[in-house]
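In this document, chain identifiers A, B, C and D correspond to the written order of the chains, with residue numbering beginning at 1 in each.
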């Protein structure tokens, strides 16, 4: 079943690429055409292949829905290049797409890749919008055409906010020594300590498989109220399994991205019970509102599965971009990067990922993630209060 | 403190069992043919993915998919041998490059077929805790495969020392020409060593699938770990592999417990280099 | 020139050389004989520094060699050949000599290389691939040529005449004498052939089971009953 | 003697590289980017091949030197305010100094050496993560200064960066050729198959190998520094990525690592074909092609592509399947 899904995905990808190619040709032919080709680079191979694919699928949904929304007036396509998680290839991809005269860029995963890639986009005078890199430095580069709908502060706020609401006094942070994870760990450490919470830090290598020694340290030495896990899926699984075996006396296991997802709920069902992680929407997704439902339906149609958070981010960033392009185009029938950027900066939208309002740096300060909790076959949103689908189950751990 | 140390040693011991199974296949081929099979980790990974596929599509328990995995991995190992045996010049280095190429191919095939998602068994039985005296904690899978690993090592050791084929294998490894004179066909024996290494890789892969998670890029790490242990053990020493694996396992868990978890890898690498420089024949190597 | 003092060498408990004490005077040509496995080549390896002795001391030109590396000994003036010719692979005959001269003697002197090639009858073959293009006699000549290019004071020849036909052997023996005179060498010659030793060497030393069992003129040595026994016992075949 | 008949060819290639390529592709940033990336790989491949061919040492960890060079240069420009070009040289020196730490590995035979260097690459990476105060840790370094304008040539532009990396790679090839043509080169080539025989004629083989390791590390370090300023960011995963080892090896093997041109031609061919052709055919997992290519070359033409072509062309002349006639390597 998985495999056929994959093949379908492949077919869809090549179809999109084909359309994009045609679109580029058409665009090059007639300068004032109503067909807009977007450029996208995401990792479809390499370390970040999984997350890149998720964003890629969301972008495809946004383009498909835009074609329906603007049917008869404009058409959209996206030309995607696999950057293979390599900055040099991402830069080359951006340059190639720019040469193919794409209107703007949506995509990018990993702060280290987005950095140089977005600089290449700026050089080509194109707008670049992303949700794939949360490093604060990205929006501190004085670029006018760079937009990001999420940021590490938003993730950190959610995690710290949840701990605050739990009223924990001592937290052990287990984090992977990667760029995004160590940055996030430091953010959380700082803000928890400011709130008077005692913090212990445990940095582990990405290749760690046996977390029992770390967990035992947590259990016997730290004795925290809660454990914060900042890593990726394989780390979460390892940590939680170590927890299940050692059963430290903690009140909550809290993670960040890639944890409170439908996939983790399905594949590691027992392991993730009562575990928290960032999540925009509950699962099974109760899409409320027309747009959300349309998104979910289209996602299932195109990719044969329920959307995850990666798809939502990819979708939101691309939809914001598409709408800005249309607005920038329709007043004077011209596509200008500066104008698209202006339109984006004027956005005040309530999206699938919450409010989006860009500041002058292209950051979205109002971004705040939500925290979900695995409960049975469901992921309930438990923080913030106003978005709650259920009260948090606290204290509770998988074991 | 005592509790922490004991748990670290226990965890290291169990990890060592898995590492030993992982390394033994590599060490066997290395001992027989002086060939470092850089695709060994990918063979292990392949077994894990076969188990995953059987579990997902047929609902089989990982243990039940061992026969299928044996066939798939054994044949792949044989194919690698057939390619390696075609090398005529500078076999030691060219085989390194060739198996390196095979490793890249296998990693990407796994990526294409099973995608980059992380996989692990959904069979809860393996993940249940196994606790000794309320102080030593482990998962059932770790204990089970520690036992399996010990049995495999004992079996391999017995096979090498007491069976005719095993002795032939050792004869080939010490002197190919003399073996020829004894009426042993070196090609057959070398092919056999690859297949046996595939068998060991299979068990190792299933063990890893049951205890931790697998993903396509994991193979490289597994190969490196296996090689580190092989060097530590020394050429041709089966018990050495077990002891080396346990030392590495314990070294890692002690580092994680008392120093800094992110330095685990550093410990293994430094030990590896020290052994290479100070005692290149390994802890238990002959010759 | 060369002095060995109670030199012993063990390989994993097997004694290849035991308590060998030997002095070679400047300008001397010493024949080193003995059955296979007597330790002759081991002795060369110790002097040229392929490996250090288990015990004992070796001094060259009045200075102890200690644990000096083999390439340093070449630079100090110890040249040697290998029983199985070991040309420098991937190089031509002349390049072989060039490398030896450049590194062993620390200079470039094309005229001297020409002379060596001429003396050893290799001039025609100087641009031939040394590893694959030479006949056995030529390979042996190249062995000597490499050692000469180092500009040694002591030249150790390990069966350079072995395997050659009688006439070739005689001619090459003559060449060696010329070479010795021309470059003022001290030589140690390992040879099985008693006749060769007689013609080349005023002095012969016999090794058996790693020990010196005789030392004297070839005539005296080959009459020594122990030497005769060692030969009929082991080397008859 | 070797270069004389080739001079016109060399001049033609230089003209093509310095004039024709910028004229033809100068306007297409992405083509230039690909060529720059390919030359970056090619530069490491030359350094790798120098060590492999002359030193007889196959390394599986050139990423170690690449990463050190990148970090040293980036940190000198960021923290000490050095100008970029001297910092790049210092990056090369830094890599050479780092290679001193790897000298004990010279005692090891073939595969052991290869994997020991790999261990060093791992260790350097871990150190880059751990020494956060200096290296910025896992978060890495952002906004590394780009190339300056020299003599009116804007090195920061695509064409400028291209000319810079081209010059570096050509310089490395010249160094490689010069070493190979010297008596040292003769001794180094001889060492590969007859180490003891070279030692007893006075060749300090270990010293020469060490020197080649240092030179190779220096070259790789400068290339790493170039890449850091070109991409303008670094983190440990990227700087010490296995990619900096894998691709150069594939390129050098493919082009023929016993020739001076082979590694660069191999890099251009492998990288550009991969990016322009295979990537279109296989959006995911097209690295598979590298593996197949590497395996196929080892099996059918371990001396690389050029000998393979000439062999296919001259099939009638060749008797058996014997590889590596010395003439073909010179």
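In this section, a contact is a pair of C-beta atoms (placed from the backbone, for glycine too) under 8 Å apart; a residue touches a chain by one contact, two chains touch by 3 or more.
Everything quoted here is computed from the prediction, not taken from an experiment.
Peer 1: Quick one: how many steps at least from chain B to chain D, stepping chain to touching chain?
Peer 2: Step count on the best path from chain B to chain D: 1.
Peer 1: Can you name the chain whose C-alpha mean lies closest to the mean of all the C-alpha atoms?
Peer 2: If one averages C-alpha positions chain by chain, the most central is D.
Peer 1: For the interfaces A-B and A-D, which has the higher count of C-beta pairs in contact?
Peer 2: Contact tally favours A-B.
Peer 1: Among the chains, which has its CA centre at the largest distance from chain B's?
Peer 2: Centre of mass proxy via C-alpha means gives C as farthest from chain B.
Peer 1: Roughly how many whole angstrom separate the Cα centroids of chain B and chain C?
Peer 2: Chain B and chain C have C-alpha centres separated by 50 Å.
Peer 1: Using CA atom averages as chain centres, what separation in Å is found between chain A and chain D?
Peer 2: Result: the chain centres lie 37 Å from each other.
Peer 1: Need the CA-centroid distance for the pair chain A / chain C, whole Å please.
Peer 2: 76
Peer 1: What positions in chain A touch 2 or more of the other chains?
Peer 2: Within chain A, residues 45, 47, 49, 177, 205 contact more than one other chain.
Peer 1: What residues in chain D touch two or more of the other chains?
Peer 2: Expected reply: 126, 129, 284-287.
Peer 1: For this structure, give each pair of chains that are touching.
Peer 2: Every pair of chains meeting the touch criterion: A-B, A-D, B-D, C-D.
Peer 1: Quick check on the complex: what are the chain A residues that touch chain D?
Peer 2: Residues of chain A touching chain D: 10, 13-14, 17, 44-45, 47, 49, 81-82, 84, 86-89, 91-99, 112, 115-116, 119-120, 123-124, 135, 137, 141, 177-179, 181-183, 205.
Peer 1: Going by the contact rule set out above, which residues of chain D touch chain C in the complex?
Peer 2: Within the complex, chain D touches chain C at residues 183, 186-187, 189-190, 192-194, 196-205, 326-327, 329.
Peer 1: Residues of chain D touching chain B in their complex?
Peer 2: 58, 60, 104-105, 107-112, 114-116, 118-120, 122-123, 126, 129-130, 242, 246, 249-250, 253, 282, 284-288, 290-295, 298-299, 302, 321, 323-324
Peer 1: Over in the complex, which chain C residues touch chain D? Could you list them?
Peer 2: 48, 50, 69-75, 79-80, 82, 86-91, 95-96, 98-100, 102-106, 108, 129, 131-132, 146-147, 149-150
Peer 1: Can you list the residues on chain A that touch chain B in the complex?
Peer 2: 1-3, 6, 45, 47, 49-50, 53, 177, 202-205, 207-210, 212-214, 216-217, 220-221, 233-234, 237-238, 241, 244-247, 263, 267-271
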